[in-house]
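Input: structures, listed below.
Two complexes follow with chain A in common, the first pairing it with chain B and the second with chain C.
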Partner chain A sequence: MTRPGQRPRGAAFGRGHLLRYLNGPFSIQLSTPLADVARLVTWSYGAAMDDSSTDDSPAHFNVTLRHRSLPRRLLAPQVMFQAEDSRPLAPFPRDHAFALLEWGVNWCIATRAHQYLMLHAGAVERDGRALILPAMPGSGKSTLTAALIARGWRLLSDEFGLLDHQSGRLHPLPRAIPLKNRSIDVIRRFWPDADIGPVFTRTRKGDVAHLRPPAASLIRQAEPADPAWILFPQYVSGSPVQIGRQPQSQVFTRLSQNAFNYNLLGAVGFRSLSALVRDCPCWSIRYGDLDAVIAAIGRLTGTDGS
Partner chain B sequence: MHWRTVNPESLCWAQWDDANTLFHGETGETHLLGELPAAVVQLLSGAARSEASLCAELAALCETANDGPWRQRIAALLSQLETLELIEPLPADTP
Partner chain C sequence: MSTLCTVLGHPERIRALSPAGWDLLLREARSQQLCARLSHLLEQRGLLPECPPQAATELCAQRFFAEHTQARVRLCLRKLRRALAPTETPVVLLKGAAYAARGLAVARGRDFADLDILLPVDKLEAAETRLCASGWTARKTDPYDQRYYRRWMHELPPLVHTATGLELDVHHRLLPRTSRLKPPAAPLWRESVPLALSPYRTLSPRHMVLHSMAQLFHDGEVAGGLDNLLDIHQLLTELGIEEGFWPGLLEAAEGLHLERPLYYGLEMSRSLLGTAVPSDTLAEARRFRPPALTGSLMCALMRNALEPRYPRRRPAHVSAWLLYLRSHWLRMPPALLASHLTRKAVATLLAPASVQDTRGP
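Moving on to the complex of A and B:
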């Protein structure tokens, strides 16, 4: 097992690092002079490092993370994210470099991977069947996704549900899960063995720490799953588990409004989403306790062995 | 006045228990339609109809009286569907 401080894999170039790794169906090539970022990438995605590619084989996303100008570095050090020739995100403080990289790669995927309908959702798998957890404000989607993988579900994704237009299957995209604020300690208590990286304090989304994707999820990241259930979670402090069936028309509307690229895809996106909603039973679930909600999900999906 | 659906070949439907979802390729918009508006669009996709004929067909379909309030309701509905660019009136000189 690699640790956050371990020496990065990949080639050194000049005074920097060149790393190639796989994220689900995408290959990412990162060049950066920042050794701490290279170490965290290796720690997060070590099991998915793409050692087989040659220097001139194209990656899906060529990204760069580097310092801003020298005067700026002396004043208040910042880092820039660059994808090919574009700089889509504002600079971040130097200390938040890895968080910027993760959000930058998310931007690359969200703006380019239109061969999929990209649901904004967590997704986990058991026995080849996928549970989709659409992200709504305050849903606690990342926390619940992390808790489910702690209890044996395979991580497909925390952010993107990649739905294949042709097959209707969900493709994994097991990226580091950005736990935010109270969720960091919630998951530390719930899953003492969780691999959680350094806490980046006071980012634009508050305090953020990344949960390392399990090696088993990275090793199986080319293995899609069949969508089987859709669950809209809502965390409410102190709430008992309350489950309600969701009408398909409402589910379609909520998912279409929440997907990254539904409007862009036109009829293709409509057909993909219609098939998904038609084939998957859908519930909303309100909860205030992770153990209780996971037990309820087990019963609901018939994955609890009962 | 006669009405027709705008480019019915570009419509994609998903029918649920409680409503219908309609994607209109002409505008790129997705609409959530109840039973009555969905029936209007579907009837007008088959063939253009006069407003009077449409009111009578829909009244029979819904097992209701084709009276003044019903015709007013259908007129309002046609106006709303026209605003959504799902249907359009035929030119006045259309036979």
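Moving on to the complex of A and C:
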């Protein structure tokens, strides 16, 4: 995926990396002089090398990650994210470069990929059927998504539920899952084999470490799934599992408020979201223990073999 | 010639694009924010099926912005009609709102930041009072800014419609009071055209074109204005087929004292986007060009500043900066300009540094 000896377009000096990788339906071209970032991108998305296209064909997102000016660099090293010719995000400390890249690519997707209704949700799949976990504050969506893939669900996405306007199907976008603060240790204990990257301490969202997307998810990332269930998780320390059915009207309102681009899409977004809410049963689930909630989800969705 | 300009002027040229050509076209279209308009130009000529599917999807996905804005504008216009009814003022829609209301091809995929209207100068005060009582509020509350608009500009200080968040610019003339060129408002009103099933009016076709040209080549900074040049190109292409449009355009330019912007408009639209301008009109318009040396310098600067370059190159920055100076020079007499810029510079130094917006998930 890294093309050795090839200079990134527009790089001032000879050293640099040009990486081209696929992430769900998007191809990303990254140009950066930072070796650690190139290494982490390869670690995370290496199974999704873009061999199919030559270097000349268009990428969806052309992004660069580079140092700021030399005087600034001597004072306190920082990195800057650039998408095409815009710099939408504030600079990050040099050590947090990979976290900045991941958030930067999220920004690109959220602002441009309006061919989808973009739910802010985790999503996992079994037997072609997708379970959607909308992100609400304190829901523990990333932790629960990570725990579900540890128990055999296929990771579709941790951040974006990409719902196709025409087919109504959910497109995978298996990105590295940013585990935050305590959930890093929670997942390490729950899933000793989890492949977790370096911990970036004290970022704007606290401590962050990325869970590598499973190779199986990356290999099947062009395979959409049919939305089947919607589950609003809520983590409450020490709570037993409590499940409640959610009325459609309430689900519609909550999802429309939490989608990235519902307002922009107008009538198209309304149709996509109504179809989703009409076709999927929906519950809220309160939990304090991962094993218990996963067993309950298995029973609820009929995927536990019973 | 940039790939984007070539394709905007002659969409069928996409047939000859290599993968690298498509990459460049998409990069340029993204950076100029012309993806949605390009998608409509391609669709109008039945060319979308000939695009690589990924490119077509990406271009069309950007259409939602314009559709969203135009829906907000329609809502805002309904509120505006109710708000202004007691003043019995005629209202002319300008620019984007007018193109959309007239159903012109130029409106397709065209997003815009604010709603512009023209009112007779003697109705301004009554209209402003009504607007402020009906859900609009002033965006600039600083006393200097307020005075700046009222004394020197061609519009009231910008208002915001609180419910839709849409900015409303109430004009009473086309260019600032202090501008070098002073197009009179009377011919605009005399020729304005009513809209069917609507209380609003628009400028006549030729005045619409001249307004767009004056904005880009006299009042504006030119740089980054490829979308405005595309407006001019599409308006000329669509309105130019009407009988008597071109001779009328020259005549109207003289009536509004906008001969120079007309010259630049025709010349730039023709040379960058390949607009079909009748040769006798072009010959006539060339009478209005500046003296030889200035003329070629200006055209070179404008071409440089308008044409997308990817990645950006130095001369475009220099051209943009020179044209920025020119726009201010044309906007105000030197003494006023000096005092205004000093005042703004001091205000910037005293104000706390603005915090960068960091949205995103």
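By definition in this document, the second predicted complex is superposed on the first by the 293 of 306 C-alpha atoms of A that agree within 3 Å, B and C clash if a C-alpha of one lies under 4 Å from a C-alpha of the other, contacts with A are read in each partner's own complex, and residues count from 1 in each chain.
Definition applied: a residue touches a chain if its C-beta (ideal position, glycine included) is under 8 Å from a C-beta of that chain, and two chains touch if they have at least 3 such contacts.
Remember, predicted model here, so these are calculated numbers, not experimental data.
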When chain B and chain C are modelled together on chain A, clash or fit: fit
Which of chain B and chain C A:Phe190 touches, first, second, both or neither: neither
Vertex chain A angle, Cα centres of chain C and chain B, expressed to the nearest 10 degrees: 60
Contacts of A:Trp103 with chain B and chain C, given as first, second, both or neither: second
Touching partner for A:Ala113 - first (chain B), second (chain C), both, neither: second
Chain B versus chain C as contact partner of A:Pro58, first or second or both or neither: second
Chain B versus chain C as contact partner of A:Glu159, first or second or both or neither: second
Which superposed partner A:Gly266 touches (first chain B, second chain C, both, neither): both
Residues of chain A touched, compared between chain B and chain C (which is higher): C
Which superposed partner A:Leu89 touches (first chain B, second chain C, both, neither): second
Lowest C-alpha to C-alpha distance for chain C against chain B (Å): 5
Touching both chain B and chain C, residues of chain A: 263, 266
Residues of chain B defined as touching chain A within the complex: 10, 12, 14, 16-21, 23, 25, 28, 30, 32
Partner chain C, residues of chain A touching it in the complex: 9-10, 53-54, 56-60, 62, 84-86, 88-90, 103-104, 106-107, 110-115, 120, 159, 260-261, 263-266, 268
Interface residues, chain A side, partner chain B - complex: 247-249, 252-253, 256, 262-263, 266-267, 270-271, 274, 277-278
Complex contact set, residues of chain C against chain A: 18-20, 22-23, 26-27, 30-31, 52, 54-55, 57-58, 60-62, 64-65, 67-68, 71, 310-312, 356, 358-361
